[in-house]
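Here come two complexes built around chain A, the first alongside chain B, the second alongside chain C.
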Partner chain A sequence: MTIANQAAPAVAVVGGGPAGLAAARTAADLGSPVVLIERLGFLGGMPIIENYAAITPHLEPAEVAMGRMITAVESHPLVEVVLDTEVTSCEGEAGAFTLTLEGGAGGSRKISAGAVVVATGFQHFDPGRETQMYGYYEFPDVIALQDLEAMLKDHHVVRPSNGESPARVCFVQCVGSRDRQIGNEYCSKVCCGIASKEAMEVRQMLPDCEVFIFYIDMRMYGYWENQIYWPAQEQHHVQYVKGVISEVLPKGDRLLVRGEDTTMGRPMEVLMDLVVLSVGMEPSPGTRKMASVLGIEQNKYGFVEAVQPPLDTVSTSRVGVFAAGAALGPADLEDSVSTGAAAASRAVALLRSPVGA
Partner chain B sequence: MAERPRARGAAVKSEAVAGFDDVTYEEKRKLFEEVRSDLRFPDYLYGCYECGICVAVCPSARFYDFSPRRIAQAAARQDVELIYQQMQEDIWECSQCFSCLRCPRGNNPGGIVTIMREVAVNHGLASAKEALEGYSRIIYKIMSTGTQVSPDMLQPDAFPDWGPEVADVSNQLALWRRALPPETLHTTSTGWDVSDRTLIELYLIWLETGALDMIRDVDEGLHMILEEVMEERLEEEGIER
Partner chain C sequence: MPVGGRKQAPVVIEEEMAVVASTISGRTSELPAMWNRMLEPRVLRDYGSGGFARLAALQGGESLEWCYGCGKCVPVCPVDLVGEYGPRKLHRKVQSGVDLLADDDLWLCTTCMNCLRVCPKQVDMIKVMPAARGAAVGAGEVPTELQDVFEKTFRYGNCLGENPRRRHAWTRGAGVPVRVLADQPGPVDVLFYVEDYWSYHPRGQQAAQAFARVLTALGVDFAILGAEEKTVGDSQRLAGEAGLFEALMEDVAATLGRYDFRRIVTPDPHGFNALVKEYPKHGHRYEVLHYTQLLAPLVEQMPFAASLERTVTFHDPCYLGRHNGEYDAPRTLLEAIPGIRLVEMGRCRENGYCCGGGGGGMWLDGFTSNHTAERLSERRVREAAETGADILAVCCPYEVSRFEDAAKSTGNDHLQVRDIVELLDEAMRGHGEG
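Entry: the complex of A and B
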């Protein structure tokens, strides 16, 4: 079925991750036809692309949780899913946009849409850009959060250098976040919770493995405090040490991490088997590209700017174009699906409003 | 136990910890295991986010280089070396007032100190001997007669850390008590008698609970005298242990 050719104007949703899926589902449930456009050949976004194991904080497998969202969208009679396809232009105005789609089986084609929801998400910060010396591309046993997610998903956490179980693992927080030198001054919001969740999973999988988290501030807002932070300390004995790691050095076949234990007031050098960099969020290439294609304002970090903050979280600088999820800035899954649904409702409301925008 | 994050300096074995002879890592680990396996320990330590409220309310922290936060953190991190150092030093700077119970996580750093002190005393750590040195007369008094220190026993210059007012209080005790009535009017001449039955019961408690044994390693001579006094008395009463 080609939804975009129906009489009622469609909502075009760009991006098939958690925010885009929530937007597509919401708009369709409200009775609006939806075209969901995804660059890759499958839906699910980052949780699927990057092999997330379990979703924070309730630890449901990512494939199961995302699978539910995907099925709901794919089976919805009002949703047309277009895979392997990118949006390359957007002409017209609210109520009557014409989008050019490239890729997929159909080559290039144009569709009409009344409103657009951009949900193109984030990418993990590339630790090769860090100002500290962590050696992500130098030492195989220095990995990032998503690398450990993939190992947790396989139920096989090992040191990549030798395939052995690690006896000591540490997480280094705020890699690529809260850093003026790098240009990412913002907090990426989720890394504290994700690192703590992974730390608990490692402790459960390898009970003899000691796990440390080196941090600047632990930011476990709301229920994450008692759902993640306290259990990690109290039940799983994850060791939290306040202090940034300045560098990772090779020592024998292990890694020496150097920093300050600030609350104990002393410098420290500790040997680790596996160092996990808690990388933050940056706008995905798709978010940067779509901002340009759609002609919507970006903030200095490249995320889509919500132009009427703080009480309107989804309106962009172009009427009829709404943004959702981590395209707007660092967001957890709850934020992403919430703004996805909010953007979809606003889009549908706009199309039905007798006075237009 | 694997090594822990700690200072570069502390990783080098020093010959002395807090001025006392150092011991092997194994010995330190054993002491820590004894602290950690204490029945009370899980109720005294949940997790620490290092907020410092325990230090803010701690009277000892104002006068000594003492931090209840460091006590909780060292225990949480199972930092065997640091815990040993604390057992040789820091724990005797705690006044056991338990102001630190206001911890938002429900920790009890003062309680951890209590356990650490008991382990230090049980093992006759040098710091415990030194800390209890000035108290042998009091221990002897309490354990042999069942009576405690009473305010009129205070020598004006015996407890300088109680402050200069103690001399004035001692000299004007009756006046002070009229001004600030205490729960009991305990002095050497009032509330001082201990009945035979109570004393026998106390002796049995000291002996059976191991309270007397606790001081064996701290003050051998005192332990010997007390044990003799108690056993002689129990023998007179025809009580066999």
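Entry: the complex of A and C
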């Protein structure tokens, strides 16, 4: 079906990841027609793009969990999914926007929408920009969280340099986060949990492999503390070491990680077979681009600025345009689907309000 | 330093203890080798985490790994305040490859339980320490002075190596008859379990005599085991000798099984702890009271004859307070004594500071002194003196000797160390000892 058949104004959702899927589903469930626009040729967002193995914290396979969301949206009679398509302009005002779509089978076309939900997400921090000498592009055995996710999904965790199973793996936290020099002063919120989750998965897959997590402070907020952190430590024997690594050096065919053991107040140099950088979140190119196309304010880091925080998490500087998920800043899946639903509800409410809200 | 124009490496001589004389004051001071080691290459090298797995294989040893390094234990650890030992540091040491079973830190914990009280992860040193120490004992890695106490306990049934037949020698100076069950069998209300220090230590004997007089004055029907008594050995258990403890328990339970008593009353919080917590695990169940718990409900009946007019501060025994939750009975007794003004130390009740005697610390003073700036008992006596009190009241038999020594060594000779029962006895008799 197409939105042209609908009498009511549609909600345009930009981005088909967890937040966008939640937004599309919610608006449609509330009886509003929805057009879901995705730049790529498939839905699911980062969990699918980056081959996540299992989602945090309950370790359900990412494809299964996202597949459920995708099916619910694709099969919904009020949702039109537009793939391989980008939004290139947005004119008009709340209740009567005109969006220009480029790409897909239809080439360029215009659609009308009453409200817009931006759910264009994040990208992983590029460890090549890290000011510490971690050698991500230099050493094959230095990888990032998502690289390990892909290996976990394949059930084949090895040292990329030689294809052998690692005997010692470490995670280095806060890569690209909480750093004034890099420009990302914020905490990326999920990496402590993701690293711990991956650490447990490595321990389960390779029971003889020792796993260390070097951290500044573990930020396992809410239930992640006892859902992830404590089991990782107490049941899976992941070794948490306070004091983050400042450089990785080659030593023979292994990697020497150097840092301070802040607990004992001593320098520390230990050998590892595989070093996993817990990269943080940055706004995706799509988020930056859509903020510009839609004319909505961004914060200094490039994420969409919620204009009435903290009690309104989804309104942007342009009336009728709402944001959701990691387009707003670092967010876990729970945050993303929650703000997705919140943005959709606000969008539908706006369109139905007799005073135009 | 250059010699003949060539750089020569200095000759290094390392000794465990050096005496250094000041060229200015002429004073000499001792310099332990610890300070040398601080200047050694400090980089932590390759290590593994097998230490936790080895500990987890010992029953009770698994929780050390649960530490997440919050550091709450460090400011409340009595040993950390006077040395380098601390529960959080121990976790990190084991994580970085230190073999706890071969490390001196294994013997520094007094099992005072203050770390467990504050630990969000319930890292339980009260279980970790006996487990690890037990393995070290099995491997023969025990400090000599502690091994000596284990052997005395094994041979004589008391930690002091005293003649078992002289267990009740103290009764002769009590001034009241003290019934010994072997000589005068038959039912009795209170079995007074005297334990080692009240049986043999001169200051303990004075407290035992005072207790016998107080019980007599209150009309309590009581008796002792005399030569048949053996130590409960709870501190030996916590110091790593679970086998010795269990052998003692079988002896003690067999002895107790021969007599008809209603309840056991002991002055020793360590023995008390084992009787209420360990014995039931093995099927030995008794009604057990610390002596302060027996006496506290009886204060209204106490025939006080004198007002003591003293300022008293009270030291909570770890094994009566934190381990078993009894903070009020001793205070009820002190506050009942006419003329006594009770002033509390900063650290009291739940966060009371440890005297250093628990968990085998009583018998490791020499060993511990190599790792601490001062004894825990000295730190505690300073705190007691700061309250302005002229009496430090105690109700654990370990403490009188520890604190009296500490009062002398810290220049606080004016501070008298008295068991609560001695103060009760003095106030009831209207005069002091003698």
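The rule is short, and it goes like this: the second predicted complex is superposed on the first by the 355 of 357 C-alpha atoms of A that agree within 3 Å, B and C clash if a C-alpha of one lies under 4 Å from a C-alpha of the other, contacts with A are read in each partner's own complex, and residues count from 1 in each chain.
One rule holds in what follows: a contact is a pair of C-beta atoms (placed from the backbone, for glycine too) under 8 Å apart; a residue touches a chain by one contact, two chains touch by 3 or more.
Here the structure is a predicted model, which means the values were calculated and not measured.
Colleague: Quick one: chain B and chain C on chain A, clash or fit?
Modeller: In the superposition, chain B runs into chain C.
Colleague: Between chain B and chain C, whom does A:E91 touch in the aligned arrangement: first, second, both, or neither?
Modeller: neither
Colleague: Touching A:T263 in the superposition: chain B (first), chain C (second), both, neither?
Modeller: After superposition on chain A, A:T263 lies in contact with both partners, chain B and chain C.
Colleague: Quick check for you: in the superposed arrangement, does A:Q233 touch first (chain B), second (chain C), both or neither?
Modeller: Both: A:Q233 reaches chain B and chain C.
Colleague: In the superposed model, identify the part of chain C that clashes with chain B, out of 184-192, 256-264, 328-336 or 400-408.
Modeller: 400-408
Colleague: Would you mind listing the overlap between the chain B footprint and the chain C footprint on chain A?
Modeller: In chain A, residues 210, 212, 218, 229-230, 233-234, 239-242, 261, 263-264, 266-271 are touched by chain B and also by chain C.
Colleague: Using the touch definition up top, name the residues of chain A that touch chain C in the complex.
Modeller: 210, 212, 218, 229-230, 233-234, 237, 239-242, 261, 263-264, 266-271
Colleague: Enumerate the contact residues on chain C facing chain A in the complex.
Modeller: 42-49, 52-53, 65-66, 68-69, 88-89, 92-93, 95-96, 121
Colleague: Help me check something: in the complex, which residues belonging to chain B touch chain A?
Modeller: Residues 2-11, 46-50, 69-70, 73, 76-77, 82, 105 of chain B touch chain A in their complex.
Colleague: Write out the stretch or stretches of chain A touching chain B in their complex.
Modeller: Those residues of chain A that touch chain B are 167-168, 210, 212, 218, 229-230, 233-234, 239-242, 261, 263-264, 266-271.
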